[in-house]
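Got a structure for you, written out below as structure tokens; questions coming shortly.
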Amino acid sequence: MLRIAVLGAGRIAKIHAANVAAHPNATLVLVADPWRAGVDALSTQLGCEAAYDCATVLSREDIDAVVIGTPTDTHIDLLLAAVAQGKAVLCEKPIDLDIAKARSAAQTVERQGGKVMLGFNRRFDPDMLRLRQALDAGQIGAVRQVIITSRDPGLAPRDYLEHSGGILRDMTIHDFDTARHLLGEEPVEVSAFASRLVDPTLEQIDDYDSVMVLLRTASGKQCHINCCRQAVYGYDQRVEVSGASGVLLTDNHRPSTVRHWSAEHTEALEPLQHFFLERYADAYRNELTQFIDALNEGRELPTSMRDGLYALHLADCALESVKTGRSVRVSHNL
Amino acid sequence: MLRIAVLGAGRIAKIHAANVAAHPNATLVLVADPWRAGVDALSTQLGCEAAYDCATVLSREDIDAVVIGTPTDTHIDLLLAAVAQGKAVLCEKPIDLDIAKARSAAQTVERQGGKVMLGFNRRFDPDMLRLRQALDAGQIGAVRQVIITSRDPGLAPRDYLEHSGGILRDMTIHDFDTARHLLGEEPVEVSAFASRLVDPTLEQIDDYDSVMVLLRTASGKQCHINCCRQAVYGYDQRVEVSGASGVLLTDNHRPSTVRHWSAEHTEALEPLQHFFLERYADAYRNELTQFIDALNEGRELPTSMRDGLYALHLADCALESVKTGRSVRVSHNL
Amino acid sequence: MLRIAVLGAGRIAKIHAANVAAHPNATLVLVADPWRAGVDALSTQLGCEAAYDCATVLSREDIDAVVIGTPTDTHIDLLLAAVAQGKAVLCEKPIDLDIAKARSAAQTVERQGGKVMLGFNRRFDPDMLRLRQALDAGQIGAVRQVIITSRDPGLAPRDYLEHSGGILRDMTIHDFDTARHLLGEEPVEVSAFASRLVDPTLEQIDDYDSVMVLLRTASGKQCHINCCRQAVYGYDQRVEVSGASGVLLTDNHRPSTVRHWSAEHTEALEPLQHFFLERYADAYRNELTQFIDALNEGRELPTSMRDGLYALHLADCALESVKTGRSVRVSHNL
Amino acid sequence: MLRIAVLGAGRIAKIHAANVAAHPNATLVLVADPWRAGVDALSTQLGCEAAYDCATVLSREDIDAVVIGTPTDTHIDLLLAAVAQGKAVLCEKPIDLDIAKARSAAQTVERQGGKVMLGFNRRFDPDMLRLRQALDAGQIGAVRQVIITSRDPGLAPRDYLEHSGGILRDMTIHDFDTARHLLGEEPVEVSAFASRLVDPTLEQIDDYDSVMVLLRTASGKQCHINCCRQAVYGYDQRVEVSGASGVLLTDNHRPSTVRHWSAEHTEALEPLQHFFLERYADAYRNELTQFIDALNEGRELPTSMRDGLYALHLADCALESVKTGRSVRVSHNL
């Protein structure tokens, strides 16, 4: 039984804590967050200890691993402290919004032989796992073009957006990781357009709400990402991979399969699943299971600090392309 | 070049006439109908002769085959006259609403070696042809259960219904033929329920608007047919065949593939195709082509008078089941 | 917190026990079954007591409700004993294979004011809940025709089949309940055909593997059920309800949304979900939640002994129709 | 009745000639092509005159309009000659592979008040017409992002490719027109990547087989086009338009609706429709009908020389972006 502490009591941390509590091969020892009301409610519901200081719990001997679900700007301090105490870490992405800090943290972790897994939850989505399996089985031959559609149901609050690092680092970063995961080869060139089509006042915070990106690998494989902060029809998450002998496509999820044919329309009863908490519930569960299984069985963690670094660098390259009107070369010396 | 006369100038006859005119291996010699205005318009549009007496044109030497699209109660006289003149015939179903008259006509045609094809257009629908091909290729193994959904978009006018022979003989008769075609074995037992759910006043003409039928073959294969005179969502025509190693399903057709995802619904822009003229346009064309090709190449016609007889008999058995509350044995000495 | 004992340690009981354990408003006190190995494993995994005698645990004061997931022939004894001890009961269907015994038990429970909910899990399936909600909202107007497709992935072992009560009482019974649930009006007439298309040797135990049923209500609403013990393509569970202003359709579930278009086919990567444990996982969870919520909030239980009686009676009527070749009148004095 | 001459007897010209012959408001006067065997066969089949010199037929008084379906390098000469003779013209795209020549021709036509329609057949596809109608009806509000997938089933012969002008001017040019049609606002910036993933030897002719393009309009609307010369799964032609209040999506067409669920897969029986002759058969027919109707009714033609110029210029900009690694500004003084 792996003994786990969850740091954070917010939206994502709650999901992780419940998944740990329900996992047959792990024990949820405690939940820690300076936000006392949140921690108290969560620990009562899940039957575990409550702690109000994240840093101090990291030295406890009865904890094997920590899940970090706190605000982005605390990630590096907590993960380095956890690694220093010999704890395995599952850390929410991104490592940090500053690539230099993130690079430095990754180097420290690597030097210390730390076990850190980055929470790229979408890799663990059942559709994505099945797609990866089909690719590995050669069902479409060599990959040629990848198309990723990634739209949120609605614009986040301005307060959130101001500290998000911008759409490319906050939202598209997931898709950059998906692109790397599916291309099977590192992108070497990035080109991007960004617009304010949902809310023109985003100019005040130098951010955008709609982006289109192109990626190219050394062998010429191509990837397109389209991202928008608002899709009133629901959370739009689709992926296509075309290869030499076929194409694989995933579809959005709906709350039920019920279709309705009326005199006005056919095949319709409901919008798409609302947002990532519904859409990626299984992904979060699978992510945690792979983290626990890998630790229990002494296997390598399925994602790394380096994955986090690369995704962040691609976001930075895309932003540079938006600003300069040029395609940008991707560095591989991160 | 097969020289063809089309008898009738109404809805179905117009479809047949246009298909003959456009066919590369046939010539539309004339259109005949006592309804002068209809014939004149049709013959002008298609560039062929107009005739106002169906019977007399049958003796013309420059005609090889006739397509009969006149009212049901004229079918037997015209087809027997055509056969007597040595013409091949494509006759709209049903042969007649009276099974005794239909049987007698079939016997006469058989005695004279006449070439008569019954217009069971659905057998020639691209979906049905593909389904038949998959069955013949063994893609689902031995057939077990067939389910046929057959709903019209709206109730026909009372005047039409009064002379229709009733829903089972007028509408379900198509499905009885489809059932025989897909079961690959004659039904031996029929059970049916019938209701008036669309228009209770149909009781005045001893008819129904909603029926459910079960068929069983000697080896135990089963078929369900559901029929309704009104489906406000469009013409609902679906077939499923399940077998030992899989199931085949056809779907309805829509005017376009455009889907619309909004905040209220997903996957919807339009209702189904409206009715049989749209849905079975290809079927009518294929039917005529198979008629022409079989005659030009000296092959057997793909449907027969006997197919018409059987379908009518199944309708009569179903009606008897509705009236008696018993399942009814099907005769095979027609 | 509702304190619950689960009776049984087999396939279904394990699902119920895990759902109770994970439920925020209920406590799993114990699992009881004479099968010691099963109980020991289950109680260890879920962290509850183990008991080896179902009857004795019913008198414990620290138990508010019991879930009965034992073999069918023990249902009546256990549920009557539980009711006598004042416990609320969620009992797996069927009450019993003998309608007389079931009727007598139902009368006893009613006399004693017992709280018994029958485990018709499909009513709690998200698709079915959504469909029921759409019907209640009048989205298709008055119901006219219901079509239920219900096929298992493969034939159960002969040993199971011998004690199953036959396909109609064991398998179609679920669909009879669904039919009543969706028609919104009791069936008054039943007609059915049954065959042995999967395994002819079922004749040795006077059972069938493929059935087709028709139901009719007093106002003429119609329902068709098709059932087969083997669908090699997976667990086939679909429902259609057509009404005066539209139709509602549910679809099967697949393990992922991934489609594959290749040179041979399109839209395919996987078969359907395998069987009811996968397909109805959510239904079992929702069923239990509605049981717990109703008890905690003092509301009426969503299904009753009477629902169990009716479904069983419809199965008996269908069997009589198969044997006699007549449609059978349904009794409403159960 | 509009009297029409078709110039050309190849693949596309044959489609146009058959559509003219079948049109109720037009007469096919002749087919002209130096390729005698082709013209003879086509004119015999369609019952019209054969001519072997395209230029001379343009002066005939009994011809109102010409359809130009000859090789690209003859387009300008023939269309200018036809315009000089006062004939209306439906010309296959592109005007020419050289933008300077095309611009000069367009200016000449405009000076002379010629009636020339460019054959952007996809605008007349039923799916595209329906999509345009939904956009015009405001069903998704203001357009934000357009995604166009455009893949041929297989690489054309090397001989064809050598004279094609390259993938961007030969294949993507259709998609550039679609982009303009759907964005409802001219693109002002283009960025593109191009690779040789199907056939590396295309480097010998300085061409590519796989491209990804981004377009941006002045107000920030974005469009992505992905194009590939080979999709073994069939002709892949899909379009998505997302807007402020929803998204519209078109799907590929299949030869039938038949689905097959087996133990290995679900929802599959056939690959997509093979190529543009099948996929756009209705589009060609609609295109011709709009040409004929516009001329007969004295309305403006639905596409223009200018549409041809713009599409070609976008292709040139995309190629420049591929070569320079920069996004390229689109000129609007064509």
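Should a chain be cited, it is by its letter among A, B, C and D, assigned in written order, with residues numbered from 1 in that chain.
Simple rule for what comes next: a contact is a pair of C-beta atoms (placed from the backbone, for glycine too) under 8 Å apart; a residue touches a chain by one contact, two chains touch by 3 or more.
Note that the structure is a prediction, hence the values are computed from the model and not measured.
*Asks:* Taking each chain's centre as the mean of its CA atoms, which one is farthest from the centre of chain A?
*Replies:* Comparing chain centres, B lies farthest from chain A.
*Asks:* By the contact definition above, name the pair with the higher C-beta contact count: A-D or C-D.
*Replies:* A-D
*Asks:* Can you compute the centre-to-centre distance for chain C and chain D, using the mean CA position of each chain? Integer Å is fine.
*Replies:* Result: the chain centres lie 57 Å from each other.
*Asks:* Between chain A and chain D, what's the gap in Å when you average each chain's C-alpha atoms?
*Replies:* Using C-alpha averages as centres, the distance is 41 Å.
*Asks:* What residues in chain B touch two or more of the other chains?
*Replies:* 232-233, 236, 245-247, 252, 259-263, 269-270
*Asks:* Of all residues in chain C, which touch chain D in the complex?
*Replies:* 232-234, 236, 252, 254, 259-272
*Asks:* Give every residue of chain A touching chain D within the complex, in rising order.
*Replies:* For this pair, the touching residues of chain A are 142, 144-145, 147, 149, 151, 189, 191-193, 195-198, 210-212, 214, 216, 219-224, 226, 228, 231-233, 236, 242, 244-247, 325-327.
*Asks:* Which residues of chain D touch chain B in their complex?
*Replies:* Contacts found on chain D: 22, 24, 45, 126-127, 129-131, 134, 139-140, 245-253, 255-263, 269-270.
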